[in-house]
Structure formats: structure tokens, C-alpha cells
Amino acid sequence: MSALAWRAASLAVVAALIALWGEIAALKLISPVFLPAPGRVWAALQHGLLRADLGEKLIGTVSHMLGGWAAASIAGVALGALIGSSRTARDYIAPTLEFLRPLPASAVIPVAIALFGLTPEMALGVIAFGSIWPVLLAAIHGFAAIEPRLVEVERVLGLTRWQRIAKISLPSATPDILAGLRLGLTVSLILAVVCEMIAGLDGLGQWVLLAARAYKSADIFAGVVLLGAIGVVANAAISVVESRMLRWRSTSLS
Amino acid sequence: MTPAPLIAFRSVDLAFGDHLVLGKLSFEIGRGEIVCVVGPSGCGKTTALRVAAGLIAPTRGEVAFAGAPVRAPRRDVAIVFQDYSKALLPWRTAAGNVSLALEAMGTPRGRRRERIDALLKRVGLFAFADKYPSQMSGGMQQRLQIARCLAQEPAALMMDEPFGALDAMTRQSLQDEMLEIARATKATIFFVTHDLEEAIYLGDRVVGLMPHPGRIGIELSVDLPRPRDQVTTRESPEFLRLRHKLYDFIHASEKGGRP
Amino acid sequence: MQRALALPAALVALAEIGARAHGPSDSIAPPSAVVSALLEALADGSLAGATRDTLVSAFGGLAIGAGLGLALGVMLGSLRPLDRLLEPTIELMRPIPSVAVIPIALVALGFGYRLEIAIVAFACVWPLLLLTRAAVRGVEPRLIEVARALRLSPLQRTAKIVAPAALPRIFVALRLAAGISLVVAVTVEIAVNPQGLGYGVMTAGQALRPDMMLAYVVWIGIVGFAFNAALVLAQRRLFGKAAGVEAAR
């Protein structure tokens, strides 16, 4: 079978599974209170986007996610470069970071609420704090793991400190940094949703939780579908950036 | 010996902890000379090259370059590393890798393209300017590294077993290309190898080191006519005589005794 | 080692001085007060109960999710057509953030262990599925040929050749999922579920007990660290150093 035929067949599987879902809902094998029919979810999605504030919630979640992630990424790469390129800094700081890493980022939300209250700035801070770890640790590793031979090339060519960072260290750490950015984006979406759930920020997290309290299952599913869509789009966007920036990794011999 | 040596080892000692790698090493390389250094593994030949290039500081003694002591790497001394795949920037194309040296030299942006093209042509990679190292064979990658080193307009080329990882055919053609480059640029070459025939084929002089600590065991002048030829040079009686002498020396020094 | 401890020691000392200088507060507490709150919670059994609740959910969800992910991963890894057919389905499900499933599970299951276990399980399926699939697919082809030459049945082949060859990488996935299980369990407790360590942090915060709140946070960190360390140790014991190196990447 050709790649195209496989693609078509695999999409048919998706369609079949949705049809199966519709059949289960139609036969009321699972109560509609828990499992709405696909048609009802579609209607809820349309209604929410066109006549209610689901669109604003979507924008809210996306901006929380991107805001926190952008702050975390900039800070993470900068700190990672500083720590990763100095052996002394690594010896002092890396063990503490490794110890803090398994700590669930969501555990700092109550602390942040106690310190700063339920403000949007607090939420942004928490999201940034949580998603800095994957970026920071990946950047430290990337900057520390530079090929020793390239360090000698730098010395022989007499590159300045700035040239070393821009021309050698940063590109050499790029694959690690991109992997960290991808993970950080996932974490920031999760934390954005959690912050919206418990701090009452405007966003899809709040929307799905309110829908759950009102037992509006179609609205819940509509929110979850949008959250899934954010995840798919974010992942795809990173993949595009990755494949463009890491084109040199293709190992095909010409 | 040439009147004004470009590179001079002056009783260089190098110790890593208690282990003496080089002991009172003294020898000179004249301007435009090709000196090949051979010796059994562990004799310190690569270390000697790294000291001369300024990558390692000697424990005692000094290496002088054009009369001044070497304290750090210098841009007019280029190093061709054996592990070309590690010494190239995998994220830059062939042109980009050559450009790195020009950027370090401060060559104005507008003049780089022309220089890059000329250098890639010289090593036969002009058609591959836009390829990444991962898309090239080992021989092409090593040619690319040589092009980057030539971009430094070096007074001396330090070559650390540059062809050791290549297959026999590629190695021979790179040897001839290197000799042609040396002829055209009049560069001084410090060439480390473990291949005795390669040393004789390329060198004006062959220096054999003995291990524990690394020191000079033999020095041979190679009076073979240039240009050299892979078939006739290697068959000439003088080549065979030098080869015999060098093999005897290596054999003896591997046993630990003086020849 | 000394260098590793310098930074935490400095931070703790700074926090102590800062919090004391600040005076009594509803939002911050000096480390000494946090330690005494931790001892208090350990002594009255509240911390032990909360830890048990969280770990029951984390392990329960891990067992279900990892088991499901493992089975799917082996299937998809060894049956290429099935893998190709299900690819878009998986690619559409996987990016759904685990916490988004909370309201669905909440409506269907209500508060309690089952809610938390369901969400942890959802989060743990993916690393197992993806890494097992890759591990099974990455089994040395020569070994598969050996299995063919020995005329092993598909079941024998899976049990005798594929599983042992893929096991080190699968354990790496299990370690990853174990870390995720604890994080997700605590997150669900903080977000909605009134039990366990996460809820402990929330209630202490709402009761204006910063010392107790921070004691819970520190304890969660200790549990997470111990959990991870135990798994790293088990991995080294079972598969040697090589697997540990791969896991660190």
C-alpha cells in the first residue's frame, strides 16, 4: 500500500472510532450525563464559540500558556547558558536543581496564592516557574555537552567570548534546547489549565470545571476538544521549527 | 638545519601528574619545511603537536614560533584534527564551515563569498558548498577541514594523523593534494602520523620519537625528488632504504631498547 | 559534595533570616518553623495518612496506565500495519493535557480515589506506549532472524526474544511514568480532589498556616526524590550502568 493509502485508511479509523462513540451514545450504553453524543459536542462547540464566551476562554488559555512559556524559555536558556558553560557554576547549582526537579510544579500554586494572592501575574509566575525546569535543565546539558574538539577549534581560531556563544555554543546546544522547549510547552499548558481551575482565571480550565459542576457534559467535551487542539497545534508548531532548525541532522549521504 | 627555524622545541618537558610524557624534547622545523613525526603509540607525538600549537603549556622549556615563545593558540597556526567529524560544525554547510575561519579573522562580509569559493575549489568541494558535513564522505569532510584551516592563511599547518581514519585510496589522493597545497602556499607543515611510509612519502624530514618519556630517537633527511609519485617514489631504492631504517627503529623502540 | 550543599545551605539561611526579620506572617514562615510543623504533622499521623492517599492513587493509576501503555506499545511495535492505522488516533489523543480529563472523570466518577487513579492512568499510558513501541521496534533485526531460524511461535518470540531485549528501555519508560504519576496525583489533589498531600497543601494555605503549607511542599519534594532515587537504584541493579546512562538523556 502506498503512503497515501495508509494515511487515508488511518484517518478512516479515526472516523470509525467517532462513529462508534456516536453509536454508544445513541444506544445510551453510557449515560448521556457522562458521555454526550459527538453531534451534541459539535453543537456545544459551535454554540460556545459563536454565542458564548468559549472563544475568549480559548484565547485566555493560549495566552496564559504562551506568556508563561515565553518567559520560562528566555530565562531558562539564559540561565542554562550561564550555568552550563561554567564548570564551577555547575558544581554549585546543578545538584540543587536536580533535587528540585521531581517537585510537582503545581505544589507551588498554593504557596504563590498565599504570597501574591489570586492575581493573573501570580498565575503567569507559576506557569513560568513550572515550565522553566525542562528548558533550564536541557540548556545546561546542551551548553555543558559541547564537543571538546570544537572548544579547541574556538581557541585556535581565537574567537571572542561573544563569537563563541553565538557561533558555537548556542547552535551546538540547539537540539537540547528545542527538546526542552517542547516539554516546557506541554507543562505550561497543563499549569495554565490548573491555574484557571483553582485561581479562577479566565480560560478553558475554568470553563470545563464550571461545566462539570453543572453536569453539562457536552460543554466539558467541547472544552477538552479545544484543549487537545491547542496541544496538537503547539506540538506541530514546535516540530516545524525543529525540522527547519535541525535540517543539518539529516544523515543522508549525497 | 635551516638558518632561521619557524618552530623550535627547546628542551620541552611535559608532565601529566607524575607521568612524564615528553622529556627534554628539542628539534626545529624550518620555514617551508614538511616535517613528519612518527613513533609507537604512547610516544607523545600528538602531545608534541598540541604543545607546538599552544593548546597545552609545557611543564618546562618552551616552543618558540618565529622566535617568540608560544603561550596560546594563534590564528596563523592551523590545526587539522584527525577526527574531522568532531572538528566541523555539523549545523553549518561546507561554505559555512569555511566562513567560520573568515569570521574569526574579521574578513568583511562582502569579501567572504569569493574567498570561500576559491578555498572550496582548491580542495575540490566547490560543488558541495551547500551540503552539510553529515551529507559528505569522510574524505570530503577532511578536505573541508583543510579548507577551513587554509582560510586562516596559516604560516604553519599542524596535522594530527589527518588521514588515519580514511581508506587507503582516499588517503593517497589526499596525500597528493596536501603536497600540492604545500607547494603552492609554501606553508610549513608539522605532520604527525603512525604510518611510516606516509611520513617518508610526504616529508622533507622524518623525526622518530621513542616513548617513556617522549624523546627523539632518530632523525632522517628525505632526499627524494619532488613532485613525488605514489608508484615510482614508493618503489625507489632510497624510499625503501629509509623505510627499512624507520621500521628497524620503531621495532626496537617498541621493545624498549635504544636502536 | 561540599559545593553541592553550599547553595541549599545558603538559601535556607537566607530564608531563615529573611522570615525572622519580617516577623509573624500569614504567608511566609522561617525554615525552622517549617521543620517543626513537619515534625508535628509526622507525629499526629496526618502526614502519613495524606502520603498513603497520594501514593495509593499514584501507584494505582501507574499500574493501570503503564499496563495499558505496555500492552499497546508491544502490539503497535510488533505489528506495523496496526501502528500505521492507529497513528493519527494516537497523535490526536496524546497532546490532550492530562488535567483536561479531570472534569470528565469528575462527572463520571465523583471525588475520591477513582477520579485520581483514572487521571494518573491517562497520563501514564503515553510514555509507556511511545517508548515501548520504540523499544520493540528497535530490537536488533539479527535477533528476530534467530527467532525465525529457531521457528519460535509469535508468542514465544515475544516472550523469549523481544521482551528481554526491549526490557531495559521499557524500564526507563516506567521510571518516567512513575515520576509523572506522583506529579499528576498531587496536581489533581490541588485542583479538585479533597484528599492526599496536594489537598494538605491547599488546606494549610487556606488555614493561614504557612509553616504547615511549606512543610507539606517540602515533604512532597522528599517523597518525589525518594521515589525517583529508588527507581534509579532498581534500574541500575536490574540493567546495569548502561541503562542508567540512557535514562539520564
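Letters A, B and C mark the chains as written, and numbering starts fresh at 1 in each.
Convention: contacts are C-beta pairs under 8 Å (C-beta built on N, C-alpha and C of every residue); 3 or more make two chains touch, one makes a residue touch a chain.
Note that the coordinates shown come from a computational prediction; the quantities given were computed from them, not determined experimentally.
Chain contact topology: the protein chains form an open path, each linked only to its neighbours in the line.
When you average the Cα atoms of each chain and compare centres, the chain farthest from chain C turns out to be B.
Innermost chain of the displayed assembly, by C-alpha centre distance to the whole-protein C-alpha centre, is A. For this pair, chain A with chain C, the centres built from the Cα atoms lie 18 Å apart. Each chain gets a centre from the mean of its Cα atoms; for chain B and chain C, those two points are 53 Å apart. Mean C-alpha positions place chain A and chain B at a centre distance of 49 Å.
Across the assembly, chain B contributes no residue in contact with two or more other chains. If you check the complex, the residues on chain C that touch chain A are 3-8, 11, 26-28, 84-89, 91-104, 106-108, 179, 182-183, 186-187, 190-192, 198, 201-202, 204-205, 210, 213-214, 216-217, 220-221, 224-225, 227-228.
Only residues 53-55, 72-75, 77-79, 81, 83, 86-87, 89-93, 100-101, 103-104, 128, 131-137, 152 of chain B touch chain A when the two sit together in their complex.
Partner chain B is touched in their complex by these residues of chain A: 147, 149-150, 152-153, 155-159, 163, 167-168, 171-172, 174, 246-254. Listed in rising order, the residues of chain A touching chain C in the complex are 6, 9-11, 13-14, 17, 33-34, 91-96, 99-100, 102-111, 113-115, 186, 189-190, 193-194, 197-198, 204-205, 208-209, 211-212, 215, 217, 220-221, 223-224, 227-228, 230-232, 234-235.
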